[in-house]
Structure formats: C-alpha cells, structure tokens
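Sharing a structure, written as structure tokens. Questions coming.
Chains: A, B and C, in written order; residue numbering restarts at 1 for each.
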Amino acid sequence: MRRVFEEDLNDLHIHFFQMGKAVNEAIYKSVKAFVNHDKALAKEVIAGDIAINKDEADLENKCFELIALQQPVTTDLRKIVTIMKASSDLERMGDHAVSIAKSTIRVKGNKRDYEIEAQIAEMSEKVKIMVQDVLQAYVGSDVSKAKKVALKDIDVDHDFKKIYKACIRQMKNDPEIVLGATDYMLVAGFIERIGDYVTNISEWIIYLDTGKMAELNTHNKNDFFPKA
Amino acid sequence: MTSENHIIETKDVHLYYGKKEALKGVSLDFLPNEITALIGPSGCGKSTYLRTLNRMNDLIPDVTVTGNVTFENKDIYSPKMDTVELRKKIGMVFQQPNPFPFSIFENVAYGLRIAGMKDKAKIAEIVEASLKKAAVWEDVKDKLSKSALALSGGQQQRVCIARVLAVEPAIILLDEPTSALDPVSSGKIERMLLELKEEYTMIIVTHNMQQASRISDKTAFFLDGHLIEHGETRQIFTNPHKKETEDYISGRFG
Amino acid sequence: MSEKVDLETHIIKMKPDASVDLSTKDLHVWYGQNEAIKGVTLEFEENKITSLIGPSGCGKSTYLRSLNRMNDEIQIARVTGEILYHGKDINTPETDVYEMRKNIGMVFQRPNPFSKSIYDNISFALKRHGVKDKNALDEAVETSLKQAALWEQVKDDLHKNALALSGGQQQRLCIARAIALKPDVLLLDEPASALDPISTSQVEDTLLQLKEKYSIIIVTHNMQQASRISDYTAFFYLGNVIEYDETRKVFTRPKIQSTEDYVSGNFG
C-alpha cells in the first residue's frame, strides 16, 4: 500500500517541479519580451498561462484526493500541503509574468530609458536565479539553500526601490517619459512580487522539513514604497 | 515534573511473563480528564501496560511487575491496596463486548448490588444515568428487562461501558473497545468517549490510527516493550520526534 | 435518505471497452421471508479491486457470498436473478459449483489455515482437483506463495505447521491457497479485520500486487482500506446498492447523501 502511495507522491513531486520550470520560463520570457519590445513573445507568455493554471488545478485535485484516500500524516501530509500551497504561489508568479507581458503589449512607441530597462533586466535576472534555486532547494529538501534564496529577496527589493526612484526622477525631468516609466514601475513591482512568492516557497520548504512555519522575509514591508 | 496534577504515575515499570520481559521500564504519567491513546504494533506491550494500571495482570499466573504505579499518589502495588476497590476506581472495557447473560438493567446494576446497595430507587436512578452517559439509553429504555445478549455488538459495548460507569470510576481503561465493531457503532462510541472526558480520565489501546488521532489528547507509542514517544496527539501525528513513531503512524513498517 | 433512490442514475456504467469477469443482474437473496438483497445489478471489472462497504446488516457480505454460491450452504437461503461469470449464468442447478469455486475463490475474515504444513495447505486442494505430479505441485506451491508475497518468509519452512505463522502470514497463506487453483476472481470477506495494522498493510500490499492477475472483490468495514486499495467502491444499505462508482469519486464527491454520511463517519 505504501508502494502505490509513494508512486503517487513522487508523481506529484515531479509534476510540481515541472510546473515550477514552466513558471520560471514564463517569467524569463515575459521580461525578455518587455525589454526587447517583443509582442509576439509576450503573447506566447499569455497563452502559456492557461497550462500553468491547469497545472495548479490538477495538482490541487491530486493533493485533495491523496488526503481523502490515503489519510496521510506527518511527513507525507507535509509534502502534500507544501505542494498544495507552493503550487498556488507558483500560479501567482505566473500571473505576474502575464501582467508583465500585458505591459509589453500595451507599449506603443513610448519614449524609452535604456538605463532603467537595463536595471529591470538585471533585477529580473536575479529573480530568475532565485526561482531556479528555490526549485532546486525543493527537490533536494535543502533548508539552508531555501534560507539563502529567501535572503536574496532583500536585494531584489532594493533593486525595486532603485528603479522606482529612478523612474520618479526621470518623470520629473521629462514629461514624455511618464507613460513608459509608469510601465517600468509596474513591471519592477511585478518582479518584486515574484521575489516575495519565491520567499513564500522557501518558507514551505522549511515547513516540509521541520513542520514549523518560518517567517523569512525579515525586512519591514511597511517601509515598502520609498519616498521619492 | 511535579506530581500534583497527575492522576496516575508510572515509573520504570517492568513486567515479566515468567522469564520473558514484556515491559522494559516504562515511565508515563496521565493527567485527569484527558484521553491518552496507547499505540504500537502487536506484541509491543501496550495492552500489557494498560493492564498493569488496575492490576489486571495479577490474574495471570507467573507475572512479575516491578517499578512504581501510583493512582492519586497511592502505590497500587502496595500489599494494603484493595484490588476490588481499585478496579472500581479504575474500570476496564474490553475488545469483545462481554455483557453478563442477564437483563440490560441487571448488567448495569451488577456492580452496585455487589457493593451492597439495596435502595431500589437509587439503583434505578444510577442505571438510567449510566446508560444515558454511555449514549445507549434511547436504544434500550423500553427493553431494560430484556437480555443484554440480544443487543447489537455496538449496543452491548455501550452497555458494558455503562456497567463500568455505574460504580463511579475515576479512570476508564479501554482495550481496543471498537475493534470488533462496525464503523457506525465505532463512531457512536468515539463520540461518547469525547463526552465522558468531562468527568473521567481515559486510557485507550487502539490499533486504529485514525481513532487515536481523532479522539485522544495524548498519544504514547510503544515498541518492543519500550515507550518510544509520548506527547500531544496533534504533535505526534504531525511532527513526531522519533523516526520509529513516524514510520509506524504513516504505515511505513516491515 | 429519501425513501426511493433512483438506482440507475447512480450506478456507473462500465466503460464500453472494460472487460467484465463477473456481474449480477437483479440479484435477490432471501433468508426465509427476509429479503436480505433486494435486486442488485453490478458489474465487476477485470483486474480491478472493488470494495463493498456499508453498515452492519446492509447485505454486503451476503451479496459477496452469493457470488460463488456460498449461500447454497444455508438451508433457508434462496437466491434469484443472474450471476454472470464471463457472460454465463452460474446461478443455475446445472452449474458445477465445485468447479466454479475453482474460478471464483474466497478468503474469509479469520485466517483459517488447516493444521497441516504450509506446503500441504496449498497442495491439498490441488491434489483433490487431480494434480498428482510432484514437480507440478512444487511449482504451484512456490508460484502461489510468491504471488501472495509470502515465499521469501516461508521458503525454508514449507513443512512447518501453518498455525505457527503470524496472523498476517496465515492470511496470506489462505490467499495463496485460494490462488493456487488459478481463479480469475478472488472474493475476500473482511480479510484484514482480525489483523493488526502491520499485517493489514502486508495483506493490502499483496492484494495490490494480485490485481494484475485477478479481479478482486473485497468486503471491508475499514473505510481507509477501501479508499487506499480499491479502484471501485459499492455502498450497500438495506440490501440495495446505493452508489457504485470509482473509489476516488465515492471518497471525494459521492452523489448520494447517505454515502457521504457513511464514508465520513456521520451515519446513524
């Protein structure tokens, strides 16, 4: 009876990991499309979100079924709960990628600021690595790696503040950049939120190992929007 | 640990069947008005341990018990202990419902009559109250004079529980009380035990892990005569400290 | 529960391509005047495990026992309707019951090995069915013990008395004894209810392995067991099948309120 259950758990695990990879790709593509003004790629991201949403729904159904049919306890139960919760974090990360893609499509010959765009690309690169690392930490049940990943979110938050300030500064100097810079601020905000979700997943990995919920995001969220 | 609150304390309890050591030094305390589940594979010593708590093992020849068992701070293995009185205070319910072959009423009144109670009205009152507490009054109130053996298994078991309750115990020991019953009867007994918790302390041996996790406050896991882990049920079933416990409750054995 | 349940709408039709070993059509069982089974129509899919669940007295065991005509042994029992084994009605006087039970084997609640050696427990019935060749017997004993996941534990003690085995091992021996006759269908009547959780899990594991070769129908009081191991679940109540569906549906979103109440322990 364990044999079949173990197989089911393993399938769940693989499915979750694949969903993670799909979300990571969506984030990468959405930022790439935004920076390159590549509307075709942006549309690809939006279309791909349907599969990600379905992944989440399927995973949730399977988790629900395993709980009902197998009455898991302790580690088994935590594995299932982790996947249930973390897959909904992944799904929201996918939604943010879609939002970034939509910003790309909205852009119509706005004035650009290549320096800020470079900063956004750099910030998104960090988040991409965070997503990759958190998935690896999940696969290896690696608590210390999960904690390290969560720490990187501080850096991402810092980047967001930097971009935010740069946008305000540019908008004051040059009204023509207002439309473009508003999108920069939005997109940087989406990327920042993705970083937060990665932190959530790190917390689930720790829960999986210890059975305790840890609050990893130590910086003060009330201090979120920097003064211009 | 202070002993003030514990209703039963056991310290380094060993039990031998002849030369065979069935309990290898078990120390475990119980708080009043709690349900403690004793779990573990067959032969782990959980039922043997349960029986040391009201000296049921005395009835088996060639059994030696060492260590300390106190009930309300009194050593129950002291030669001065009146075991009849002790078993009234610490009642026991067995796996197979074992009503006596007489009427439902007399089954429940039995302990009272043994204790010399003569007042008919008083006896009737206690019988009714006990059957109500055991959640079987509605089923039997119109046939109290019928033989208890004509009842269903689940009803018989609840009558047996009423019989224990009639003599006003402080503690009820239950040795797999629902394993011979179907899930509907088991469910009724579980609900009743949760209600009885207000007034009694209960210690239950069960093979049914879902039952342990549903109804108990504390869980003690036994293996090979040792107490491996004891703690809050919610903790044992979500995050046990010992690997053996985790393996057992998640069905990962053998 | 409402008085009348439209059974037709709540009973799954097997997928058209599903292979059915055994089915019943409008099966009734009477014990004297008492109608214990009130017209049950069910199909059992090949190589699947089907659980029959329901409160005590609902008729699930009576129904199970009628499938290989164990109720014939009861004087006052009367069974009407069709029991189709590979499409052929076996509920007829012409049916060779002894031969039929070779194909539809049964395992009971209490392990009931004979007080003989492990080897003889299995070879006994084979000999009665005319197998004489020593090599053939050896091979059948080994194969069925392997299939029942008991071989590794007993291969060096084949001539030890079967009663010396643990409860779980005895039950697996009884399963081995039933499958030695090469049945298609295995009926099990609460096969694990007398066993502790470890033995129960061994028996469940064995059943999951066996379903590759056999169709298994199991009566169980243990809802967790039904949900863990079976592909289909039939909920019996008052002699009727109230709901029959894939196990995962019965345990996550049953169609009938009384099924929901029963599987979630809210019954009665």
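Here are a few things to note about the model shown:
Definition applied: a contact is a pair of C-beta atoms (placed from the backbone, for glycine too) under 8 Å apart; a residue touches a chain by one contact, two chains touch by 3 or more.
Just so you know, these numbers come straight off a predicted model, no measurement behind them.
Shown here, the protein chains touch in all possible pairs. When chain centres are defined as mean Cα coordinates, A lies farthest from subunit B. The centroid of the Cα atoms in subunit B and the matching centroid in subunit C are 34 Å apart.
Subunit A and subunit C have centres, each the mean of its CA atoms, that are 50 Å apart.
Within subunit B, contacts with two or more other chains are made by residues 209-210, 251.
Shared interface positions of subunit A, i.e. residues touching 2 or more other chains, are given as 1-2, 71. Listed for subunit C are residues 201, 224, each touching two or more other chains. The residues of subunit B lying in touch with subunit A in their complex are 209-210, 213, 237-240, 246, 249-252.
The residues of subunit A lying in touch with subunit C in their complex are 1-5, 64-65, 68-71.
Partner subunit B is touched in their complex by these residues of subunit A: 1-2, 71-78, 210-212.
In the complex of the two chains, the subunit C residues touching subunit A come out as 201, 204-205, 208, 224, 227-229, 247-248, 251-252.
Residues 41-42, 152-153, 182-185, 187-188, 207, 209-210, 251, 253-254 of subunit B touch subunit C in their complex.
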